[in-house]
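Next come two complexes, and both contain chain A; in the first it sits with chain B, in the second with chain C.
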Partner chain A sequence: MRPWSRPGFWLPLGAVFVWGLVVLLLREDTLRETTFTVMMFVGMASSLNILLGYTGYVSFGHIVFFGLGGYFGFYLLSQQGLWLLPAAVAGGLLSGLLAGLLGLAVLRLRGAYFALATIGINEAARAFVSNFGPFGGATGLFVNFQAYQAYGGAGAALWTTFIYLWLVTLAVLLVSALVQGSRFGLGLMAIREDEDAAMVMGVAAPRAKTIAFMLSAFFPGIIGTLYFFKNGNVEPGDAFQLHMSIEALVMIMLGGQGTVVGPALGAVVYQGLRGYLLTSPLFKSLHLAMAGIFLLLIVLFVPAGAVGWLRHRFPRLRKVLT
Partner chain B sequence: MILQVRNITKRFGGLQALTDVTFDLKEGEILGLIGPNGAGKTTLFNVLNGVFPPNRGQVIFRGEDITGLPPYEVARRGIARAYQVVRPLNELTVRENVMVGACYGREALSLAQAARVADEVLATVGLAGRAEQLAGSLNVAQKKRLEMARALGSRPYLLLLDEVLAGLNPSEIAAMLDTIRAIRESGVTILMIEHVMQAVMSVSDRVIVLDYGQLIAEGSPEEVVNNPQVIEAYLGDPQMTARLLAE
Partner chain C sequence: MFGQLLSSLADGLLLGFVYGLAAMGLSLIWGVMTVINLAHGPVIALGMFTAYLLFTQAGVNPYLALFAVAALGLGLGLVIYGVAVHRVIDAPHLSTLLATFAVNMIIIGVGTAVFTTSPHNIDYSLGSLALGPITVPFTRVVAAFAALAATALLYLFLYFTRPGKAIRAVANNRMAAELMGISSTTMLALSFGLGTLLACVAGGLIATFFPFTILSGGPYELKSFVICVLGGLGNPLGALLGGLLLGGLEGLVPAFMPVSWVPVVEFGLFVLVLLLRPQGLLGAR
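Showing the complex of A and B:
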C-alpha cells in the first residue's frame, strides 16, 4: 500500500498548509511572529523524530545542525550576498554533510553513549564558532539593513521568510511521512527495535543510520538560516542553546515518538504551554523546570506520547494518526 | 555443495571457542548440529552469518567466499537465521516483522511484494490470524514461529535454526517439525542446532557433533548416537557407566 493512500498521510500536511494559509490571509505581524516560532519547532521536532522516533537514537545535538547550518547560511547571505533561498539550502546541505561525517564517528555508539557524545558535539560546535574568525567569533554576524531592500523592505522580507519556513515545515512533514511509510523506514524501525537482529535480517544498519542522521540534520540547517535572517543577526549563544535540543525532545515525547503527527502536535502544545508559562507571573522563570517535569511524567506514565497512547487505546484511529 | 566450512577457528581472548571446524552441507539437506552446552554451536552460527569474523578458516557459500562479511551482506546472499532467544521487533506488527526479512533478504523486495510474501509465510507457520498484532504481544510459542517466519520471509537458500524447539510442549514440537519438513520440501537447506534429541534425530539427514569447539563426529543420526565419543561427550565415560551399573 502506498503511504499517500492513507488518510493519515495528509492530516499533518493539510493542517500545516491551512494554518500557514490563514496566517498569510490575515497578514498580522504578531500572529506571523508567534506562528514562526511554533512552526520552527514543528520542523525541528519532526526532523529530530526521523532519528529519534524511527531509528531509536536519542540525540541532544540536534541544535548543532540548526546552529552551524544557520551560521553557514547566514554567512553566505550577509557576507557573500547570496539570496535567502540558496543560502538556506546551502546551510541545510552543510548540516547534512556534517551529520554524515559525525555519523561515521558517533553512530557506532549505542544508547546512552550516543546521547552523551551528542552533548559533547554541541559544546564543541559552540566553542568552534566562538573562535572562528569568518563567522565573527564571539560577537557573531549581522545583516546590513540595506540587504532587506532587495526583498522589498524589512516588512516584506519577514513575510518572505515566513513563507519559506512554512514550505520547509511542510517539506519536513512530507519527508517524515514518506520515510515512515517506506521500505527504508521499515529498516530504520527494525534498527530501533533490535539493531543486531535487524542486521542479521539484512538491514545495512551503518548506512541506514547515517542516511537517517543526515536527513534529520538537513532541515535544521535551513530553518536556522531562516531564523537568523529574520532576527537580522546571529551569535554563538543564540545558535547553540542546549535547552532547545532538550525542548525538541520533550515535544517529540509529548506528542508521540515514531509518528508523523506526534512531534508536530507536541511542538504546538508545548509552545502554547511555554507561552503561557512565560507570561504568567508565577512560572515565568520556571518554564524549563516545567519542561523537565513534563518529560519525567511522560516517560513514566505515557512513554508512547499522546498520539501513541491514542493509537493504542483506539486502534481505529491508526489509519488516521500515523 | 551449498555451504563449505573450512578450518574455522575462533578465539575469545583465552577461550578457544572453535577449533578447525570443517564440514560440508549439500543442497536440500537437513543437517543437525548437536553438542553439550558451551560446545560452540551458537558461536559457529555467529561465524557463519557474519556476526563475528573467524580468526582462521573460510566459509564458502554457493561458491563464494563470504568469510568476514558483515551480517547484512551475508543475509543478502541468502542465509537466514532464527534465534535461540527470540528477538521479535516488539513495536512492529507481526506482518511488519516478516516484511523486514523480505525487504532486506535475498530478494530485496519492495514493500508491497514483501507484504504479500509475509502473508504467505505467516500462513505456512500458522500465524496468519495474528498479522496485525504487535509482535511483543505474542506468547513464546508464537514468537518462535515468528522467528521462523521472519527467516523464511527473506526466501533464503540456507536457513540456520538455533534451538527453535526449546521451550515448546510436545504438540507444539510436532507441529514445528512438520513446518521444518515443509520448509525443506520447498527447497531450502537447513542447518539446525537442537537439544531435543528425538526431534533432531527424526528430522535430520545427517548430524554433526561439536564438543569443546571441535567436531567429534559426523554421520547419519544412527551412527552418531552409537558413536562412543559422542556418548562420552554427553554422558561421560560409557565404560564407567557400565562398570557402575555392574557393581
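Showing the complex of A and C:
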C-alpha cells in the first residue's frame, strides 16, 4: 500500500497547511510571531524524530545543526549578500553534509555512548563558533537593517520568512511521513528494535543510519537560518542551547516517538503549556520545575506518548494517526 | 614564564582531583546500572548550597559541613532513584536519560525560585601555600586531599565491605547477584545514592574556592562526562586519573592559546576518545 493512500498521511500535512493559511489570511503580527515559534519547534521535533523515533538513536546535538547551519546561512546572507532562500538552503545543505561526516564516525557508537558523543559535539561546536573569526566570535553576526529593504521593508521580510518556515515545516512532515511508509523507513525501525538482527536480515545499517542522520540534520539548518534572519542577529549562546535540544526531545516524548503526528502535536501542546506556565502568576517562578514534573510523569507512566497511547487504546485510530 | 606555567599546572592538577571526585559519582552510577545521570550537575549545585547554608546560617566550618553534605547527597540519591529511575531501569536509554533530565529540571526550577540565579560564595580562606615558584590557595590543597580521602574511602568500601562487594556483584551481573541472595534493588539504590553523595561532596569542596549559582553544576556535569570517557565509563578509579588529566590540560592549554579555546580542546578530545577508544584511555573496570 502506498503511504499516501492512507488518511493518516494527509492529516498532519493538512492541519499545518490550513493553520499557516489562516495565519496568512488574518495577517496579525502577534499571531505570526507565536505561530513562528510553534512551527519552528514542530519542524525541529519532527526532524529529530526521523533519527530518534524511527532509528532509536538519542541525539542531544540536534541543536548543533540548527546552530551551525543557521550560522552558515546567516553568514552568507549578512556578509555575502545572498538572498534568504538560497542562503537557508545552503545552511541546510551544510548541516546535512556535516551530519554525513559526523555520522560516519559517531554512528558507530550505540546507545548511551552515542548520546554522550552528541553532547560533546554540541559543546565543541559552541566553543568553536565563539572563537571562529569569520562568524564574529563571541559577539556573533547581525544583519544590517538596510538589508530588509530588499524584501520590501522589515514587515514584509518577516512575512516572507514566515511563509518559508511554513513551507519548510510542511516539507519536514512530508519527508517524515514518506520515510515512515517506505522500505527505507522499515529498515530504520528494524535498526531501532535490534540493530544486529536488522543487519543479519540485510539492512545496510551504517548507510541507513547515516542517511537518516543527514535527513534529520538538513531541516534544522534551514530553520536556523530563517530564525536568525527573523531575529536580525546570531550569537553562540543563542545558537547552541542544549535545552532546546532537550525541549525537542520532550515534545517527541509527549506526542509519541516514531509517529508522524506525535512530534508535531507534542510541539504544539508543549509550547502552549509553556506559554501558560510562564504567564500564570502561580507557576511563573516554578515553570521549569512544573515542566520537569510533567516530563517525569510522561516518561514513567506513558512512555509511548499521547499518540502512542491513543493508538494502543483505540486500535481503530491507527489508520488515522500514523 | 616557566614559573607561571608551573603554578598554572599545579592549580589545574589540584582542581583536577575535585573534578575527578565529581566524575566518580557519574561513573559509579553508569558502571552499576548503565544509567547516565543527567541530574548530576544540579546535584553538585545542591552540594554547594548545602555547604553555603550551613556556613552562613549556622557558622559551621565548611569542611565539617561536608559530612552533612554527604548525608544529604546519599538521601537525595535514594529518593531520586526511588522516584525517577527505578521504574525505567530496564527501559531503553531514552527513558532513563529523560527521567534524570526531568529531575534536573525540577531541581533547577525549585532552586532558581529559592536561591535566584545571583552568585553566592563562601567567604572562607586559609591563606596560600608557596613552594618555590608555585603559589596556590590553601583551600585548593585541602580540597585535593579531601577528594583523595573520599576516593580512598570509596575504594575501601567497594572492595572490603559486604555491601560494597554486593554492589560490584550487581554491576557485574545483576541476575547472578540476585540468585546469590543479593537484593539488587537495594544495591542499585545504594549505588545511586553513593554517586550523588560523591557529586554533592565535590560541590561542597568547589564552593570553598569558587563563587557559584544554582546553575553552576552544569559545567562540572559536562566536565564529568569528558572525564568519565577519558577514564573509562564505569571505572570510578579511572575517573580520578581522568580528572587529573583534564585539570592538567586546563592548566597547560592557556599557556599556548587563548583561554576561550579550552572547551574546544576538551570536547574535541572527548569526541576523539569516544571514537577511537570508547572503553576509555585506561579501559573500563
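As a working rule, the second predicted complex is superposed on the first by the 318 of 322 C-alpha atoms of A that agree within 3 Å, B and C clash if a C-alpha of one lies under 4 Å from a C-alpha of the other, contacts with A are read in each partner's own complex, and residues count from 1 in each chain.
Please note the rule applied: contacts are C-beta pairs under 8 Å (C-beta built on N, C-alpha and C of every residue); 3 or more make two chains touch, one makes a residue touch a chain.
In this text the structure is predicted, and so the values were computed from the model without any measurement.
On the superposed chain A, the positions of chain B and chain C stay apart, so the two partners fit side by side. In the overlay built on the shared chain, the residue A:115 is in contact with chain C alone; chain B does not reach it. Once the two complexes are overlaid on the shared chain, A:190 sits against chain B while remaining clear of chain C. In the superposed model, A:253 makes contact with chain C only, not with chain B.
By the touch criterion stated above, A:201 is placed in contact with chain B alone, chain C being left untouched. Taking Cα centres throughout, chain A sits at the apex of an angle toward chain B and chain C that amounts to 80 degrees, reported as a multiple of 10.
Shared-chain residue A:182: touches chain B; no touch with chain C. When chain B and chain C are set side by side, the one touching more residues of chain A is C. Put simply, the nearest alpha carbons of chain B and chain C end up 13 Å apart when the two models share chain A. Of all residues in chain A, only 52, 56, 58, 105-106, 108-109, 111-113, 115-117, 119-121, 123-124, 126-128, 130-131, 138, 246, 249-250, 253, 257, 285-293, 295-296, 299-300, 303 touch chain C in the complex they form. Residue ranges of chain A in contact with chain B, taken from their complex: 1, 181-183, 186-187, 189-190, 192-194, 196-205, 258.
Residue ranges on chain C touching chain A, taken from their complex, read 30, 34, 36, 83-84, 87-88, 91-95, 97-99, 101-106, 108-110, 112-113, 222, 225-226, 229, 233, 258, 260-264, 266-268, 270-271, 274-275, 278. Of all residues in chain B, those touching chain A in their complex are 49, 51, 70-73, 75-76, 80-81, 83, 87-92, 96, 99-101, 103-105, 108, 110-112, 114-115, 150, 154.
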